[in-house]
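One chain, subunit A, appears in both complexes that follow, with subunit B as partner in the first and subunit C in the second.
On to the complex of A and B.
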């Protein structure tokens, strides 16, 4: 497979197009997974986003180490970066702690290394994002699948439950966690936000299941004696995996903004934990005399969210069979010449 | 149908009951309203605690206290709803009623702007799929999607307000900046016009000259100190608008539409001097609205009488042309107040404001000064909000139009010889807009919820910042006041979206 993919990508050989403009001969003999993978890797921004996310995650986690547990009972492995978020060191280059060789991102007002703070903030924001996306995706898929597949009274009840969850504001969940279980660290916050974050995804999955359950292959499976759960998990779910993956990526990029936003207004991650939103809130007034304190967290939030959005766009292109590929003029000429 | 609506409304009431109950208890357990008092060192500490306990019924456990609150709010059916008191013994209802207009003003403007701009660019992006314009708009929309609003807000405050106000002291753009900005703007313009390579280069060249000239002229005349457009420039712009709109809606070959558009421009220009007389400083919204309605009615009839067949598009062109030309006249009128406004003591030469919805030091009876003041305050938060929500509409309408354009009936329309303009305007757009109703219904319902972060960053005391304040101070009744309104609208929006959807799309029927 790998060789095949490589050859296709490097050659300038035009992709043969059928009447509807879909790829035809180029994909002959490839499995569905291979076709999707190939289409995804042809989407340059998505690949760039994916590479960035992988490298960035490794970089951040190795630099600041792994920190779990609570503030009272911490469990941590140190990373390769010499400073931690609590070490206070002398201002190196200039008095206000501007970026220098020892502190590439500068130092904050009391002399803590800003690189350590930002990497830890990014680490926490990434973790919260993945937990919200994972939980939200799981709950949303199950509820959407069940209500779309069974329809009728189950659907009506599930959809009203969704309406109910939509009305609960996430800021309140942040406030409850912050006050009641604040000393447990950020994980409970992420879990509770995830429990309430599935509503949008549910609607999309439900819509997909509503239309797929009317298709012939579902009837065929039922005639062959398949149980409901088999039809849901083996027949319909693989067909709607495109919609699910795409909406999970949207949920991911949305949840990093939710978390940083909540932390910014004080209802998300609390001191002594660090989050990118919390950093922006703390240092927004230093825009004029210490701009590095303001720029870095924002740039990193944008970079993460942007990469994930591009990955999502690439996945959408890859999974959508109705997607028409771009037809270049020269491709068109070679096809018609054949 | 009625039975269905009735059933949905009764379920909605149940949902509201459930969600207010949960929210009430969540908030009650999220904090201790007495925490601050317990730590105080005042002599009469115990007395204050007892007093607040009595006032807020804190001795009753929250689930039971919820029903006391509910009893008050159910008074809405007997005509005297009681939302309770805040911690500071102010009626919640007054606080909420004071916050609603602020929020509505802020969020309505940005929502409408985001919808209009988002749909326009989304449609443009879709009909030029895989063009350079489409790729650029895709990139821009993803970028805007990824922006944290609180971060953008700080940047806007710095660059659009503080530095712009500094710049206004001596509004002269140096040649390098003028040239650079003109190149960027001309590049964007050429991207939108598109077409063959020659046309792109021609647009770029002409655009550059116009923008560069405009910047130089603005610097030379210190235009930003005392801006104005003037009737001649309005006429020139009006003719441009007339050509542009006719091109978009009917094509320039439709002489009737072009004629109607020019008549509208003429009518708006004819109104220029009467408008200056009618809309002096002592005018009010009544006069203003009456003038606007007159303008729309007259331009409707201009379109109506200009052609005998296919009146719809011609009327649309005439009305839109009159609207935009009159808008220029109004902008010109507002510009005339710019200089007096900036010279006022309360403004002190720093017109673009970063905090609050109005300048409280400004005591003016002048209609235009007050409106300009509203504008200079609303500019930053509206920009921030529009930037964020614009991207969603752009992506959504692009996807929707692409979906519709791949349908069989579009192919049929093209095959029978309908022009591309007609295919898009008459066949594709109408159906593509149906899925957008859901999004719009939710956004409009969300207006009253306010913009939590934006309102608090820009110091607007609306529903959003009121909610934040209520949570911070453990002010349960106040939070429930804002929350119950937001939740009510959210539930109603779901219902409205379902009903509108089935009314617009005959393929979707509500199962009885």
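On to the complex of A and C.
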């Protein structure tokens, strides 16, 4: 009869830990950040996503080069790929521009190299995503945190501003900016969209802060001499990281759509420049006669979205110390049949 | 009582939990019976498998559990039966009283509504009849003004009244078996005594079998006929109450019995004479604290003009029921609540109206241990960092030195150094509370405020915890304001005791005087409510308490 049973968390004796490596760490103190980093790198899909994103970004930017500035005043560094998005070349052997040795991704309907178009599109989509997600995430977290933590008048004023921003559709913002200042190119547009993309996150973060600031560990930190900003960023924020990551992940995927929509009505990315969303939009009808025009941007969007989701998952698990492997039905059945 | 009368019969009952690929036994080979009108108490620390057993009997276990053996209620097999069979029994033949009435009652329905629901789902009963019966039940459990309480929501009732409402709900269908899972753990001592009185009366009236689950030997002495002691899923000892208390055979039972605080069992602790002349560590005079009015709710005066002081190295026990304002005093003393009137001086520094900067300075001399260790530690911070935070922020130590200080603190509260990278949820309640102490003592404070540090702990863990606190106090000589609702706890620690009621100080004096010769009626009632782990003695005390309460009325 096994009497080794020890219900976790309740016995006064040392609790056996099933997470490998913790005991080996010995008495060396580790900060919150170090433990989170270690847990993140133990999460295999997240690391795979991160590695993919880094390699993919380097690959895309080096292939297509860096292109900034407006159409009148461009700033470009050419990449290693011989074709640009404006070079029109003869169709390869199969006539309709199917993938060949010279054009591995094929050619579009007027003979432009599709690899050049896709890498350029990915470059632009990545930039839009990072700028909108980063700006939206940053502003949303800070405003939500401040408003939820301090409450009272600060909260009321900030929430009314948030309400006001929520009522303005982002398409309208893009259109007005496009109309008033002309087409500035993708980067300024992404910045403007980012400035208006924080509202949903703010609400969620504020709610988390409202409930977390009543917990005793906040009082304990205050007694220990922590300042408000330390309590906000060091104590409460890590506890609301789950909400922030889920929301920012959604924001990132959503920003691809926003950018595509704006480009479609004539603001944002304009010909001859491309983005992944624009490419898919343009070639959705060519599925039957030139499927590569549809598949390449589609696969790349899916790969980006998946990696971001995996990274988000890994971050959330790393921040949440309670996260454990879930019981699978399969394991349950095999062991119960002893 | 013959065997045929047994309402609940448990044979070879096993429960196992599937954790990370391994089956862990939680209850092993349980065999027991409960007859009508009998109270069987299952006693053990948390983690001993007593609650698991109770839940397992009615198939209320988590999905990663499996049970085997045989459980019969009135001769009908209960174990691993389809939900439709169990439903007929749950509520009707078998009723539960849960530990925490606030979470076990649905906050969006009135308590009357919830009793009516039980009645109407088991009997063919019209709403009017059900209402009458519900009010009858509320009368039975002695809720004040039952007809009015019928329409009250759980949050409008006090903890004791909520527990009464839950008992009324459990009794709605005259169950043959009543399972009470730690029914008084969440309650004050005085309320606990009332609920125990009620349960004893009801058991005689209804002739139900009662399965009482608890960790508190004092509660058991008051109520049970037979006792079953559990440890690590195994039955350690089973016998009648009288035998267990007078001649416990197993060492574990003895240890459990000795950990219950007994009033007046410890010699009074001497205070060094020179301390009495020194400047008091904390001086509270005419303190008034109000919670400001909110909308239509008027301002609430939680603390109303109290004065006391604590000398260096002295422990003052502040005792009172919940709602008496004792926690408010503790929080104000460390500047977490604004002082409305009066003054609090820590080593001569005024807290009332102090700026954030001054407060930060004053807090270096003070530490606080919070009531709920689960809530007072940041769940996302390794405990080593939690302990080191006061040192880090006070710029006392950084880097390697901080590391060393954290290790020393862990040593002083007898936690292994390797625990420093663990998160709070990986520790037990007692261990978490030790972390709380280590953090409070990080800056070697002159004053420690302990706000009910043991109320969330098991009795045996509590005994060890109090010992540790005493050792620390002996070596570090800090003054301590020990806040608790349990007079039995301060009895071990305190040099002096102050009793609070409704925001006012009822009585303050040396420990021996308060315990042996209390002047105020309220103090006497509080003392009488502490259960003693001895059935005969407890019976005497109970009668004495009844007389005392009667004399008040």
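To be clear about the criterion, the second predicted complex is superposed on the first by the 236 of 338 C-alpha atoms of A that agree within 3 Å, B and C clash if a C-alpha of one lies under 4 Å from a C-alpha of the other, contacts with A are read in each partner's own complex, and residues count from 1 in each chain.
Convention: a contact is a pair of C-beta atoms (placed from the backbone, for glycine too) under 8 Å apart; a residue touches a chain by one contact, two chains touch by 3 or more.
Because the structure is predicted, anything quoted here is derived from the model rather than measured.
Touching A:238, do we find subunit B (first), subunit C (second), both, or neither?
second
Output check: A:217 vs subunit B and subunit C. Expected answer is one of first, second, both, neither. What do you get?
Once the two structures are laid over each other on A, A:217 reaches subunit C alone.
With both complexes superposed on chain A, which partner does A:44 reach: first (subunit B), second (subunit C), both or neither?
neither
Contacts for A:30 in the overlay, against subunit B (first) and subunit C (second): which applies, first, second, both or neither?
A:30 contacts subunit C only, not subunit B.
Is A:313 touching the first partner subunit B, the second partner subunit C, both, or neither of them?
First partner only.
Return first, second, both or neither, reflecting whether A:225 touches subunit B, subunit C, both chains, or no partner chain.
In the superposition, A:225 touches subunit C alone.
In the superposed view, which residues of subunit A touch subunit B and also subunit C?
Correct list for subunit A: 322, 324.
How about subunit B: which of its residues touch subunit A in the complex?
Residue list for subunit B touching subunit A: 11-12, 14-16, 18-19, 22-23, 26-27, 29-31, 130, 138-139, 142-143, 145-151, 154, 158, 406, 452-453, 456, 467-468, 471-472, 483, 486-487, 490-491, 494.
Enumerate the contact residues on subunit C facing subunit A in the complex.
Of all residues in subunit C, those touching subunit A are 18, 20-26, 28-29, 45-47, 49, 64, 66, 232-234, 331, 334, 336, 360, 363-364, 366-368, 370-372, 375-382, 384-386, 388-390, 393-394, 402-403, 406-407, 416-418, 420-423, 425-431, 436, 439, 442, 460-461, 464.
Can you name the residues of subunit A that touch subunit B in the complex?
Where subunit A meets subunit B, its residues are 45, 160, 163-164, 166-169, 171-173, 175-176, 178-180, 253, 257, 260-261, 264-267, 277, 280-281, 284, 287-288, 294, 297-298, 301-302, 304-306, 309-310, 313, 322, 324, 326.
If we count contacts the way the header does, which residues on subunit A are in touch with subunit C in the complex?
Touch residues, subunit A against subunit C: 1-3, 5-12, 14-15, 17-18, 22-23, 25-32, 35, 215-217, 219-226, 230, 235, 238-239, 241, 319-322, 324-325, 327, 331-332, 335-336, 338.
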